[in-house]
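Listed below are the structures to be examined.
Shared between the two complexes below is chain A, which has chain B as its partner in the first and chain C in the second.
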Partner chain A sequence: MKRICFSSTFIFVFLLLTGCWDQDLLKDARLIYGGGFDLEPNGKILSTFVIRDVPVSEQQSPKNELIYTVGNTPREARHKADNQISRNIRTYRNRILIIGEELAKQDVHQLLDVFYRDPKSPFNARIGVAEGKAKDILSLKKVGNVLIAEEIDELINSKEKTTTVPKVTIETIFPVMMDPGEDFVLPYIMKKGKRVDVSNSAMFHKYQFTGTLNPDESTMYLLLKDEKGKMATLTKKISIEKDQKKVYNFMTFNVEKSKRRMKVLIQPDDQITVRLDLKLKVSVLEFPKDLLDDKKRVARLNQILSKEMTDLANKTLKKMQKARCDGLGIGRQLIAFHPDTWKKQKEDWGSNYQKVHFVPKIQVEIIKKGIIM
Partner chain B sequence: MMDLFRKLFSNKRAEKSSYINVFPSLQKNKEYIQNQLFHSSDLKWRSIRFNQLSGLIVFFESLSDQQRIQNEIIRPLEEKKEGNVDAIIASVDIAKKSDLSQLPQSLVQGNCVLLFEGTAEAYIVGMAAENKRNIVEPENEGAIRGAHDGFIEHLITNLYLVRKRIENPSLVVRYYQVGKATKTKLALLYMQNLANPDLVEEVDQRLGSIVMDTTISPGFIAEMIEDNPSSLFPQILFTERPDRAVAHLMEGRVVILSDGDATAQILPVTFFAFYQSPDDYHSRWIVGSFIRLLRLVSFIIASLVPALYIAIIGFHPEILPVNLIFTVKSSIDKVPFPPILEALLMQITLEVLREAGVRLPSRVGQTIGIVGGLVIGESVVRAGLISYPMVIVVALTAISSFVAPSNEISTATRILGFPLMILAAMFGLIGIMFGILFILIHLCKLESFGTAYFAPVMPLRIKDLKDTFTRFPIWSLNQRPHDPHPKRVNQERYSRGWVHDDPEKE
Partner chain C sequence: MILKKSKITQGQLMFFVIQSQVGVGILSLPNKLQATAKGGAWISSLIAGLAVQVIILILWALCRRFPSDTIYSFLPKITGNFLGKLLGFAYIVYFLFSVSTILSFFADVVGKWVLQTTPRWALLILTLFTCAYLAKENLRVIARLFVISSFTIIVIVILSLFGYAHTNITYIFPIMEAGWGEIIKASNAALFPLVGYEVILVIYPFVEGKSIGKLKAASLGSLVIILLYTFEVFTSLIIFSPEVMPVISEPLLYMLKGFSFQIIQRIDLIFLSLWIFIISTATVSWLYMATTGLGHFFHRGEHKKAVPYAVFIVFILAMIAQDPAITDLYDRMIKIFHYTFVIGLPLILLIFSYLLRKRGA
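This part shows the complex of A and B:
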């Protein structure tokens, strides 16, 4: 009996001693909603943390607190931020990470290292590249009535749905970053007066930021990658007849369905040709010029649109090749289907990729033209 | 050694009593009975003359029906003056005894004793008064549709309620007497052609081996015969509904009724029997299935949600979605206690409120509503002692635990929450996982009267699952549940005979 009493006390005390060892109370946390990293002239990293504070009463609206710190690594900067603020900084609900343009041109992989090591890091946070400095964008504090980090996060979210920027998170870019045969594209965040604009994309080669795509090119890239969101709206100039009035010469259409076929062909002289067949079924959203009840006219419009889109595709691919950004994963196709060619070319894939011959062929078909018109 | 002791103190010892012949002298007999009953004030006697012999009617005025004594004993004897006593007395229950020592016992059972001068025999006439309340619907086991009668404290009435529902000669009733001092009457009911004989024998043996002075509530008997008295889970289903008792009888289970109590004990049962209600079978089967699933989900909610909340707030806040985390955070930022203390405080308050609600007379009952609902619910949050989410969690727990149709399991689930809460506060989700693991191991290991408690999930029997998590249409339940090992598993094959008979359907 004595022994049982003794051992049960022993176990009980030891259980209590371990108690709350790993505890990490939510009420003791200061939650970071967004963060930005910039390159300082002396080579250090300037970090901007957006901390969201929620008031107890329901009447008051939440507030953002910004902390700027300079450190050699992101983690050091975070520790310095922790010194400046009460309670503990916690990053597990970080929603958006912005990298300044200059820093993105250095090495993103080394910057993000800490995110891939910490088990509590916010893997599903969105990531983007800032035009200029991330600090400047985050320092806006508020856009309209919405707090800055939330605004950017939701802006990117809505732009992903309209096929304007790629759908990426810290987690999804990692395997692409590690893949020698593929590169990633991030949203490019710009400051427009007191607002934020997310419509362009930032191209990367390996770990470095190498160029941007404008909104149309960005959409075209996503269509070529077969990553259409819910909508994909484009406006193109239509010049059927030589018309004097130039204002209403445009057509806005939405891509309803898109079907892509990509084929990588190897010529005997190791010339790589990539054939991209894209079939788009579009609905006309706006075309003040004309009624679309004539089948011949529709066929003609289809032709014009196909040509316009093919031109856009060519332009986009040229730009990507110039930036050495293998966003379509041609290298991955070579690894999978033409390993011999890949072995020869992998050493200098960046410049070899620029020699790839792209043959885009886009067929547009108007399938919907609205209710009455 | 222990066996020897057990034999020495076994029940047999109680049965041995000295045999005394009834004295021929009336006075001596009267004195003996009075002494044996310690001159109790409610012991009455009346002199009578019959066959030119002076006689004595002895009875307890508190136990015997005096009206009947007058009509059935005194009046016929006075009118006839002489003859055969057995033939004259108009009572169903009459017996001759020559053992004087048995008379006090029959008197306290409500019998009336008839003695004559010079006769060494006593007549014992059953004259017990029947004071019983009406058959009403049990308050704590209400049902929307179906039978609205309930067991009462009178054993014979309860037996009537069961027999009336099963008009079958196979229904067997066996009487037992338990309690050395109180001599409580028990009735064991089972279907001869369904109940497993091993089970009946086992129950019979366990009931026979009970040694105790007083048996008051059915909880006494349950604790005496249960396999695992220290388990948190009830292993015997208590019910006050005859329809529930009958349904279980027809599945080959055994029912114990006790005199002086309105509760029937059904055994052996599984965990899932506690989550079945007669209402399931009265509503349409899709509705019944939905509600039964809801009940089982509410079991999980009641036992798990407080622990989960503590684990998330204390250890893994990162699993909350971003919109939720700020809402929760704004509420808990100012709370001075750690989450475990907060939860314990609220859970104990809830238990206290519930207990107070049970004990409180209905006229003061409203106070509980005001004190509990307004003061505890609202002010505690306003004062910043407890956070809103915690109040919601505790309220959810309470409501879901009360969904269970059996009060025993509902209390058990709430108690079950406490160890899980402590584990969650110490180890987070890992602790909860280990807690659930232990509970499941315990449930799978538990047996009651040779039946697996967690059947039909463990051991798995797919056919029985039809009437476990869901309630399939009754015509599709062609087999009885396998867990009580009934003699005949198969029921009828085609319940909807017309479907096959109708020629136009083919």
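This part shows the complex of A and C:
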């Protein structure tokens, strides 16, 4: 009796071990490395998928294949792509998601729903907005010898380190996007001939793309947000003397250390003033015009740079206010520390934000000047 | 009556309480608390912890009067034979029901996050088999495993520290947004995920040493868990903005989903695997409580014999709870059960035993 019992359990256990319902073998999968979404004139979504084909022999280099499908939702488009390709499409290695400009002006939140809903979605993929169409950028297939998805991914990665574009993934923008008191900024990806350029940033208000920041402004925004990467280089015009016609009238410097203080003040008449104090310690990378041996001259340069940078900050903040992009999270500060003011303002925060009075004050101090004086 | 080999030390009691308490609640607690208490959710879980300490005090005071009896054997001594047995059965039903609620939630989460195409019965059977294998052992063996498996809690804390890569502390402000009333209301909701400490009703007589030491051990165990829960709630609060929280049902898993290392792409899966370990220990603990009762009534104290059919009952109950409507019903029932069997009844029993001067030998 006992033996029968034992052996039947044994067989039963073996039946359970025959396989797993959830096995998903790599050999049955086609991996998507990059994706792009654009708006079609008829309101549908044009999806571009960059699919990696790993060659059988090691001598051949991997190739990208592009599939374009049109669907009502990103997921429908993916299913349509699945119909056109052998094996199963899998997205978990996706590294970059590009949204076309026109589509980004609609509603990004609804577009990204599937990424937040699906447990297997590539949550840590980078995300950016394309100038024009995402399709055109991904259709480059290769930049030099690098495949397009890797190229964009690595390009954004290096631009994050130089404080040119914000460091964001699909995951990190989620809490910010849903928060009424803060807006997010994404890298703005442009096509330059046969290459890709990532240096500008795309501003959003709520779920919509509302404007761009140029490279300098973008760096300034990140400094104001206290999100300096490893480096942050800027080139500014220096005009001490009157000979402004000279060509080499510029200084390139790198922000070594940055310290920010933000203070949100509420006046009795509900006027919101934001004081932004930024202390930058910079090292001079290039300054062909003059030597930096004189303390007085350095002090003068500090002054000029401070003014230039404050101007840049003013310009950046104006642009952000115009785009209604509350990238610094002023609303967030109101929610947290001035809830009464927020209650009055939250109905129309977008336009109330435009009335916020920003007072940036930037102090630049040159601390390094390279190996010559 | 109690065999020497099934005695456990007070340290083991602490881990027993810890392992029974950490369960399914930890994943969804931040979401539930935030819904009512907003930024003050972490205070709610602390308040709930305070309440738990009071309840533990009540349970302990009750058990202390019957130092060599489990709840099943001291119930008849207080209320009389018939009613005592009836209540004993009610406790068994409560314990079995709790196990099945835990397991059905477990199957839901695993089915949702990892094994989407694996049928529910397979998940349940695999878990229940492993649990039954441990639950049929004597108390000492179970307690030893609980001590070892408590290290997973440390790993869980370390993993959730990764979440601190993107935090925004302003998300918890204004802390008093909901007001004290709501915060206390939320702490009521936090009581349910903290259940498990009632294990002392059953294992009290098996613990060595003086009664005050046992109280200390149980309180310390529950304190550890309360701190863990508060930490996890706090972490979730500062990672997800108040508007996202209602959307995410398992914030702890969600925040880990986006992190990846060179070797491991999805930390949430690692977290989930550890969590499965913790769920099974909680299941074992509850199963042990129920089968001890069944053993007491039907098998002359041998709980081992009750394990197979107890597991079967649990399996059926957990299979029924697939529909969201039924899960909701289970949820409501378990709350009522919890209030009656963990707070209400012990308090009444304690008062009665004081009034009637009933004491164990």
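The rule is simple: the second predicted complex is superposed on the first by the 357 of 373 C-alpha atoms of A that agree within 3 Å, B and C clash if a C-alpha of one lies under 4 Å from a C-alpha of the other, contacts with A are read in each partner's own complex, and residues count from 1 in each chain.
Note that in this section a contact is a pair of C-beta atoms (placed from the backbone, for glycine too) under 8 Å apart; a residue touches a chain by one contact, two chains touch by 3 or more.
Just so it is clear, the structure is predicted and the values come from calculations on it, not from any experiment.
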item: Chain B versus chain C as contact partner of A:V176, first or second or both or neither; value: second
item: Partner chain(s) touched by A:D22 [first = chain B, second = chain C, both, neither]; value: both
item: Touched partner set for A:P339, first chain B, second chain C, both or neither; value: second
item: Contacts of A:P62 with chain B and chain C, given as first, second, both or neither; value: first
item: Touched partner set for A:R52, first chain B, second chain C, both or neither; value: first
item: Partner chain(s) touched by A:P268 [first = chain B, second = chain C, both, neither]; value: neither
item: Chain B versus chain C as contact partner of A:Y92, first or second or both or neither; value: both
item: Chain A residues contacted in one complex by chain B, in the other by chain C; value: 16, 20, 22, 92
item: Sites on chain A touched by chain B in the complex; value: 15-16, 18-20, 22-27, 29, 31, 52, 54-56, 62, 90, 92-93, 95, 120, 122
item: Complex contacts: residues of chain B adjacent to chain A; value: 312-318, 320, 322, 325-335, 338-339, 425-428
item: Contact set on chain A toward chain C in their complex; value: 16, 20-22, 92, 116, 119, 123-124, 169-172, 174-176, 178-180, 182, 329, 332-333, 335-337, 339
item: Interfacial residue positions of chain C with respect to chain A in the complex; value: 112-119, 122, 125-126, 166, 168, 170-171, 173-174, 177, 239-244, 247, 257-260, 265
